[in-house]
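As written, the chains take the letters A, B, C and D, and residue 1 is the first residue of each chain.
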Amino acid sequence: MGFYDRLMSLDRRWIYLFVAIAVVLPILLEEFGIPISIPPYVTPEAKSVYTFVHKLQPDDVLFLAIDYDPMAMAELHPVARAILRQCFKKDVRVIISALSQNGPGMAEQLISQTAKEYNKVNGIDYVYLGYKPYPGIVIMGMSQNFKLFFPKDYYGNPLESLPMMRKIRSIQDTKGVIDVAAGMVADYWINDGAGRYNYPLALAVTGVMAADYYPFLNSGQIFGLVSGMKGAAEYEYLAEKDGYMKKEDFIANRSMPIQTFAHVVVILFIVIGNIGYFMSKRKKV
Amino acid sequence: MISYFILNIPSAIPWFDFNRINVLITLAVFFCFLLYFIGRAKKGKSLFIRRIAGLDAIEEAVGRATEMGRPILYIPGIEDMDNIQTVASMIILGNVAKMAATYETPLIVPICRPFVVPVAEESVQQGYLAAGKPDAYDKNSVRYISDEQFAYTAGVNGIMLRERPAANLMFGSFFAESLLMAETGFSTGAIQVAGTANIHQLPFFVVACDYTIIGEELYAVSAYLSKEPKLLGTLKGSDLAKLVIMIILVLGAILITANILWFKNWFFVQ
Amino acid sequence: MTLVEMIWTSSAALLTLFTFSYLYKDNPFYKFAEHLVVGVSAGYFAIILYYGSFVPKVIDTIFKQGWWYYSIPAALGILMWTRFSKKFSWISRFSLAFYMGIAVGVSIPLTLQNYVLKHLVETTRPINFTSLNGIWQFLVVVFVFSTLTYFFFSREHKGAFGVSAKLGIGVLMIAFGAGFGLTVMGRVSLLAERVLFLKDYLVELKYFLYMLFKYGILL
Amino acid sequence: MRREVPLVICFLLGALFIADYFISNPTFDRIAQTINQWAIIVISFAYVLGVANIARINTGVIKRREKDWVFKLVLLFGLLLMVILGIGWGIREGTVFYWVYMNAYYPMQATMFALLAFFIASAAFRAFRIRSWEAGLLAITAIAVMIGRVPVGEAVWKNFPNFTEWIMDAPQMAAKRAIMIGAALGAISTGLKVLTGLERTYLGGD
């Protein structure tokens, strides 16, 4: 077997090794005080989500759906955190649900942590509803009346006892919904939520899902889209420029070097594979 | 209690939601297309349907497994019966079971949702019955693994690594586990055929499997495999609907360029 | 960090390593982790469902709120258990049919509205060759059209029809390539999260052992 | 009775929910919503079937001392552990149930997911060979989008992000629309077949 044939049928464990190095190396560099940072290119679809929140007035109500579980935390926590920070800083009130099975505990941590930073109180500045199974049905329910599925909030307080919920009956009374989602909950929001009841909806989804939601963006079913870690980096970048957050709080932007390294490795392997393929073919001819 | 359902309804609210009349008409027209072609098929008129390449791939995979004397692994996706892809997958499963029974090749069906378990059992049993070998049906071929996506994936990968199926058939609604399964399947040397309408996972199946059935083909395969002429009629009906959609697409673009808006607006749903 | 916490975190770190070991090849450590997670997750879901759905929706509504008609679905659910008997297993079909009817009925009009009509309306845009945007818009119509021809089953892909279907395949391939390329990022962030977790664990472990050996104390 | 009654149930409920979509009467809506909730209840009973299936298959392996039977013990142990912990001490944060979830279940789950970073690389290496024009398009678009996703793209060519954006907006979106429309028609026709009883594989034999 010639060199090129061997190159083509390279044991996949070598590839695994190089991917591992690409991820570990930037982390080590940062550890030794050599951080690498590059400003992101801001896409219009991410910017429109940002601007939507940016234009909300104090006391407006935003519905934030945290529909992912700890699995997607790495990718989606940065943007969820940035949106919450932006709202709390502006005194925009937020209603939050968590319709992913393993998500409610994680969402609670995020919310209470961020709320503490800004001295916000559940029931007055924000309301955390928690989890109920079967998102499609729950979303339809919340669009009619929160009490259908959430007679009490996550902490067990009856909704009518919460000052913030006095004037708000359903999602239709809010300014709109931003759904941070991994998995098909986003489809339920499009179909059963915004599709049926006509309120503005934007999505922040994992990179893999993003491609699927461009058609909805184009058809106006959603007004904005933050896609994966890169979208989060864009969002953080915008939020930092307007003073909603500090550079030290960046999460997504810090992981971009890892991404760059890993992408380069994958591309290099594709190129190597093709070199092997063409060279071994030429020899045979 | 009953009062929960009886509401004071202002008489101004009509019973019928007139905003959605276009959906109703479209649905009715589509249904008529289907009925028309089913009727024609019933009368015995022959309907031409081109051979779908994915079908050959399934048969080839089953044949390979038989030759090698190793089992067939059938993975029906990770969603419940409320996803129609799972329904289509169950139909295909019934036919794969029939092939497996004919060749007496063992079949393994790992399941992610408990509610799918009885349906899969019925489909497999039905397949064995149709092949005339109801006694060859193994009660342990349908296995519930776990509801959790990655636990399910771990379980399925375990089956691939240790029971060494020679054919992996993946039809249904898949998410991130698609590539985890397909790469593991590749490393065990199995011939792999996959099909899903989940657009986000199609790239991974295309890259890692020997043959991929794309989107609507999944439903077409399920109709084709059942070999009942009247079910093939629905394929014709759905083709006609596609033709109409393509005409509307072109006509709509022309009309709207000529500033005639009512045509496009008619299809608009609030 | 207390000893108990250290043990918990260590088990998490070990299981992470066990799972990664599978990249090299199947081994007993991976087998252990795999079987453990399958068992634990099945138990986890059964319990979550018990508290999240069974208690509030069945027990509470029927017995606390006294809404007796909720015993109808409960009865249908119990009928599912007839599958344990060979003789009566056909009764479970009532429950299957009940659920299927609802699921299919809900999805049909919504699918038509959201996946057919909405996209049809949005694809029909004015054709305008004077701007770049207009040309792209025209191309989108052409691409959708040709990809739809690929999904035609009534005709062989030959002649002009075949050319259109071939273009459709090309469009599909571009879309799949784009979907693939877009995903790499998300997967890498997941890996990075795991690596960071292991790094943090090592730092904690070092500190813990240092305190333990130097001062003989458990914090 | 065995066939017809289920088919009638399926048809009636399907018709009810299709009608619900078009009917704007609130009382009707509420009835439909309630029945929709019932579906969740029915499914929750199926978990007993799932757990019974796990128990049957794994105890079988253990009894026959088949290969890897020790690991099946681990599996059953994990299952029992969670059920006992959950019923006995609850599932709130701070309970042992929660800790097992966070430290045994979650890291495994997250690591399985993270394996994809490796697999995506090996799959790309193997499959993105320019063997035919289709494979070429697939590989080249994938590389272009990958470059566009990281800041390297801008460094190479100022308009690179715009170019990848165009790929997402035009061909990518067109393909997805076509797949979506086609698959939706397939799903609707399969759905109608199920409702009208033309397709009844899921109900099994007589």
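Just so it is clear, contacts are C-beta pairs under 8 Å (C-beta built on N, C-alpha and C of every residue); 3 or more make two chains touch, one makes a residue touch a chain.
Not measured: the values here are computed from a predicted model.
Asks: Which chain's C-alpha centroid is most distant from that of chain D?
Replies: A
Asks: Highest contact-pair count belongs to which two chains?
Replies: Chains joined by the most C-beta contact pairs: C-D.
Asks: Calculate how many whole Å lie between the centre of chain C and the centre of chain D, each centre taken as the average of the chain's C-alpha atoms.
Replies: It comes to 4 Å between the two C-alpha centres.
Asks: How far is the middle of chain A from the middle of chain D, if each middle is the mean of its Cα atoms, in Å?
Replies: Here chain A and chain D have centroids separated by 19 Å.
Asks: What is the distance, in whole Å, between the centres of chain A and chain B, each centre taken as the mean of its C-alpha atoms?
Replies: 30
Asks: What's the distance between the Cα centroids of chain A and chain C, rounded to whole Å?
Replies: So the centroids are 16 Å from each other.
Asks: Going by the contact rule already set, what residues in chain C reach two or more other chains?
Replies: In chain C, the residues touching two or more other chains are 23, 31, 33-35, 37-38, 40-42, 44-45, 48-49, 53, 80, 83, 96, 99-100, 102-104, 106-110, 112-113, 116, 118-121, 123, 144, 148, 151, 172, 175-180, 182-185, 187-188, 190-191, 193.
Asks: Of all residues in chain D, which are in touch with two or more distinct other chains?
Replies: Residue numbers touching two or more other chains: 18, 21-22, 36-37, 39-40, 43, 46-51, 54, 68, 101, 105-106, 108-110, 112-113, 115-118, 120, 122, 124, 126, 128, 138-139, 142-143, 146, 149-150, 168-169, 172-173, 176-177, 179-183, 185, 187-188, 191-192, 194, 202-204.
Asks: Hunt down the residues of chain B that sit against at least two other chains at once, touch-wise.
Replies: 20, 23, 27, 30, 81-82, 84, 87, 115, 118-119, 121, 144-145, 147-148, 150-151, 154, 162, 176, 199-200, 202, 204, 206-207, 214-216, 220, 242, 245
Asks: What kind of graph do the touching chains make: line, ring, star, complete, other?
Replies: Contact map by chain: complete.
Asks: What residues on chain B touch chain D, complex-wise?
Replies: Where chain B meets chain D, its residues are 4-7, 9, 13-17, 20, 23-24, 27, 30-31, 34, 38, 80-82, 84-85, 87-88, 90-91, 94, 111, 113-115, 117-119, 121-123, 125-126, 129, 140, 142-145, 147-151, 153-154, 162, 176, 179-180, 182-183, 186, 197, 199, 202, 204, 206-208, 214-216, 218-220, 222-223, 226, 230-231, 234, 237-238, 241-242, 245.
Asks: If we count contacts the way the header does, which residues on chain C are in touch with chain A in the complex?
Replies: 23-24, 45, 48-49, 52-53, 106, 110, 113-114, 118-119, 121-122, 175, 178-179, 182-193, 195-196, 199
Asks: Once bound in the complex, which stretches of chain C touch chain D?
Replies: Those residues of chain C that touch chain D are 8-9, 11-13, 15-16, 19-20, 22-23, 31-51, 53-54, 57-58, 70, 72-74, 76-78, 80-81, 83-84, 90, 93-112, 115-116, 119-120, 123, 136, 139-140, 142-144, 147-148, 150-151, 168-185, 187-188, 190-191, 193-194, 197.
Asks: Considering only the defined contacts, which chain D positions touch chain C in the complex?
Replies: Contact set of chain D toward chain C: 2, 5-7, 9-18, 20-22, 35-52, 54, 68, 71-72, 74-83, 86-87, 91, 97, 99-118, 120, 124, 133-135, 137-146, 148-150, 164, 166-185, 187-188, 191-192, 194-195, 202-204.
Asks: Touching chain C in the complex: which residues of chain A?
Replies: Counting only chain A, the residues touching chain C are 13, 16, 19, 23-24, 27, 31, 71, 73-75, 101, 131-133, 136, 190-192, 195, 206-208, 210-211, 215, 218-221, 227-230, 255, 258-259, 262-263, 266.
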